[in-house]
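Here chain A shows up in two complexes: once beside chain B, once beside chain C.
On to the complex of A and B.
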């Protein structure tokens, strides 16, 4: 059962969602306006005359004041109409519909790989605190943490793809064509992103786990003669995973940022690549659409994280102050 | 008006045989002597910088777009490996003596991939379509001298000009020569860009937005049907990924390869290097209307201080050729110049001293890493002769805008070039040029540029463009850097590619040895 304080939190979150999405889209609109050059120049290219540019600006409605254009966009967006791309005339909603599942899949596989590596590593590092294994894992995570994702990506392409030929160096296979092919094409980009997430998850779990392992109930469990595995996975993991869950949530947002780079590097047709192209082409409606989706997604994820607390920690559920 | 039409092209019969012979000679030279017979089948993948904006010629402009356009539409005329205009779907083009009228004769029996006839009516409709200002064809500036277009027979089109236009045939070897099926254009209206129905060697099979565009063989192509089943264009924004994908076997052709990768490919000897030469150059353009650089001594000093050989070595691993004219290897006035300034820092310093005032220039560049490096190197070279440089990096759209409004002093820039010399100079240096970004206003230049359009006699045009080159070397609105070769790196199993100086790939003759 969800207690009153928790329900209040969730209500506040929903109100925040609306405010954040509004603020994010308004800010993006203003920022894209500051960008020098505009869609008319991007569309017409370098042989266009001033008169051509002016007439296209008028046709695209770019001559109207910023506030009017934003209000117009917002009113349409509220009815589900995100407009059409200046460049390709595609409907933005369709473009996002095609590309969002790709990015979501990439992020899910990334999280699975990152957690699949970080949880066992974190547990071992905590259990063997200050041992050689712990130090080695610490060194690896510092190394990964200080390497930008695209460098890891290029390293993986050259080793696993060019040298060993295990994975394609770039490209995307649709799941409707081949599920295995799809996973095969997604593995390298997901691994690249996962290796950047791994150190954070691992260090966080390790720290919380070390604290948990010093608590009385663990002592009791040991005294009862439970095995190491039972104590670590059965008793210590859940109470140690609160910060991890929070960070997984926050990182989902960060991963969208990572996807921008990784999708560009691996030529994956997700919303990250769409955003990059839209920025280069001054395709305002496409930028707005992607930002709207990312902002909404980010807030919803935070909401979900809050709900997850309720399930994980009885203190939150009952509104008890620890 | 003169009614005689001295053919500026060879007669149809000769034209075709020479074309076939040229293609054949290239096939032999490109492959080993015991080259296998072409095989039907297979798919060839080629990278693009980003996804196509449309399949409608109205919106095709970039190198990528035009590569896709050649697959779907082919062109009325084409250029050969030396840059000469040759027949294609039009089997001949004849110019009147005064270069005010062109007669285009189409090949008979050509059909669009939707089965409708490719005839004079279709060509006229296409001209009307691309010249309608409402349609905003990026090719429209190429057609500004056209007065009227009419069909004078089922396969004959008569084009009248407002002013002499010797450069016109080259226009038809590019986007303006990509003719769409009028029936399909009418049927699909504004959505035609999703279908792209033409008479090219391939037709659209599937467009997976952001991932790949798949083209399949057009069995009714006017030449022999292509060998390949499919050509796949893949948007790959990252340069390193392209070459890595070629190495890993996920990609067959890297177009516009980076100098670093060209060098690596030369050393590894694992790939075919296709260097078709170039049509144009990279350069530093100077706004002649801005302070300090409006003085010829300052421009001379800027030119003399540039050690272009070292710059090319450092930035491009020496892969490109130093340029002294705006005409690439595929244009006849290439390097036809006297006295373009060569590196002489002592002389440059003397000129700066002579000028007397301290010189500080603002250098606008595209913010890509390689351009940043180039700008810093240039900054050091100019500093050595006493010229201070402030670098203004910006993104491409802003750079184009800044150039267009002449809101700059000096700028690192590049022009892809056209298949006729006129296309690299008239719009840029004529006082009435639509893209005269350097604010050049020189009566002698205007006279020369107009004269270059008024004759089809190549010897005469050579003389004219040599004078243009000499005048550019004297006035220095451009500091030339290097010819930008459109080098492609190719999987050695891919055969039959002809190197054409515009760098675009003619895929109809290509096959893959599996």
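On to the complex of A and C.
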């Protein structure tokens, strides 16, 4: 059912997106290059002699020009070989393979909690526009927007784990050890990230919903005698969710950024924590690999968002420009 | 059931006679913070670096208004010196974002074609990085200092400002007053700076106010990861990270700096909302 204009749009977009991943990895390569104390120094430590460093640099191929090394890395990356960590000699692809599912799980649970809170809150705030509930939700969301995620996290640790003892303050349980234990250990970090996302989602949905509720088809639905719940959830929610869907996609980058801090705070072994450690340890290939994964993920999500538009809004499907 | 399908009353023009109480409070808090952090070395605030090891993790008292940390250092003094760092970084990074992003967006939006595609393409790539990750990479490569943190956060702000400037320039460049200036033979710099730029300022400035709050939060996140000013120099994020281990025995050493930061960002966001209402900028300009 996808019309020709939409298909052409998606085709151009795929090309743009490939270019973006390419540019993003090239840029990271250049940025990691300016990290001080190159990998050889980082591996050997401060006590290494000039000669040792020189021979290790040669062994690692660091003497070659930047462009050659990037081309080399890219060629290998295309075959799935992301190189090895300078530090642990582990394969980067294996490390990412172990850690990516943890971060994906964290992000999925976060989105479920965030939408689970924000969708009802947004609907109520729009329906009861300018009432006490609306103002209260507005105040909560401004408060949350003014708090960095790690402070929300520390607040939750203090109340839910130190004072009440309901959740572990940090640490991670593998799902293979215990599914329930895993969810239990993921709940606080996910709730922290979700509370940071909540105001963004709620405010967007509220604004779009208020606009939708003034349209004629809502009046028609009301004239047909449909109940409030039917009108809000059945008629108004879908056309009001376009901005929300876009932002969920764009927010993925923000969420991965948030995951970096929150995984560090809660000692969750995801790619965020891997990235922070790699930066601290000047582990160039690890940084490079994680950025590749994040950039690719971001780009794929954006593509998915564009396709979701087509499903949500018939005007986009038929190439009508609003 | 009131609001379904009933037109919401058009907002009445705001009476300008008396400023809102919340706005006054927000301005007062920020002014107090600015004045204290500038005057800090001259008005007898205790040293932020010297601790009294006999008085660690103390609760607020007459001697130590906000208590002391685990090394017995005065939390009030450290919060004020931390404010110096936060406010400097916030103003500097928003300045960088506004100047460079605004210029790039103006140029891209006005000229269109390949300059536009080149600039906006680069901005999209920059946006592809989670901002905090780019900031972490930049600061860890340049070394933690106020200047480098400001630069790193400023760089991640550029794309957003560029997008706003571009979107608004696009809608302005074919407006009558611009065409009039062009047909009167105005030179390019005049058109860009005297005709278009003043009309971009409301959108850019009200976004800039919001970004001040984001900058404070970003500096705190870097401080939390140990990538803002080097200890023992205080930064809000660093203070919170350093005392995290004492959460169970002495929650106030963590939550007092957190509260100072919260109130500051809240005040900034409040002013941001007020500016937005003043200029009536709609989200679509993003």
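Definition applied: the second predicted complex is superposed on the first by the 322 of 322 C-alpha atoms of A that agree within 3 Å, B and C clash if a C-alpha of one lies under 4 Å from a C-alpha of the other, contacts with A are read in each partner's own complex, and residues count from 1 in each chain.
Methods note: a residue touches a chain if its C-beta (ideal position, glycine included) is under 8 Å from a C-beta of that chain, and two chains touch if they have at least 3 such contacts.
Just so we're clear, the structure is a prediction, and the values are computed from it rather than from any experiment.
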Side-by-side fit of chain B and chain C on chain A, or clash: clash
Touching partner for A:116 - first (chain B), second (chain C), both, neither: neither
Touched partner set for A:234, first chain B, second chain C, both or neither: neither
Which of chain B and chain C A:276 touches, first, second, both or neither: both
Which superposed partner A:61 touches (first chain B, second chain C, both, neither): neither
Contacts of A:253 with chain B and chain C, given as first, second, both or neither: second
First (chain B), second (chain C), both or neither touched by A:158: both
Which of chain B and chain C A:97 touches, first, second, both or neither: neither
Which superposed partner A:50 touches (first chain B, second chain C, both, neither): first
Colliding stretch - chain B into chain C, listed as 224-232, 296-304, 368-376 or 458-466: 368-376
Residues of chain A that lie at the interface with chain B and also at the interface with chain C: 35-36, 154, 157-158, 162, 264, 276, 280
Of all residues in chain A, those that touch chain B in their complex: 35-38, 41-50, 52-53, 56, 87-90, 95, 98-99, 154, 157-158, 161-162, 165, 168-172, 174, 264-270, 273-274, 276-277, 280-282
Complex contact set, residues of chain A against chain C: 19-20, 23-24, 27-28, 31-32, 34-36, 126-129, 142-143, 145-151, 154-155, 157-158, 162, 207, 210, 213-215, 218-219, 222, 228, 231-232, 253-254, 256-258, 260-261, 264, 275-276, 279-280, 287, 291, 294-295, 298-299
Complex interface listing, chain B residues touching chain A: 50-51, 53-54, 59, 61-62, 136, 138, 141, 190-191, 193, 208-212, 234-238, 240-242, 244-245, 247-251, 394-398, 400-405, 415, 427, 434-435
Chain A contact footprint on chain C (complex, rising order): 1, 3-8, 121, 124-125, 127-134, 136-138, 140-143, 213, 217, 220-221, 224-225, 237, 240, 244, 247-248, 251, 254-255, 258, 261-262, 265-266, 268-270, 273, 283
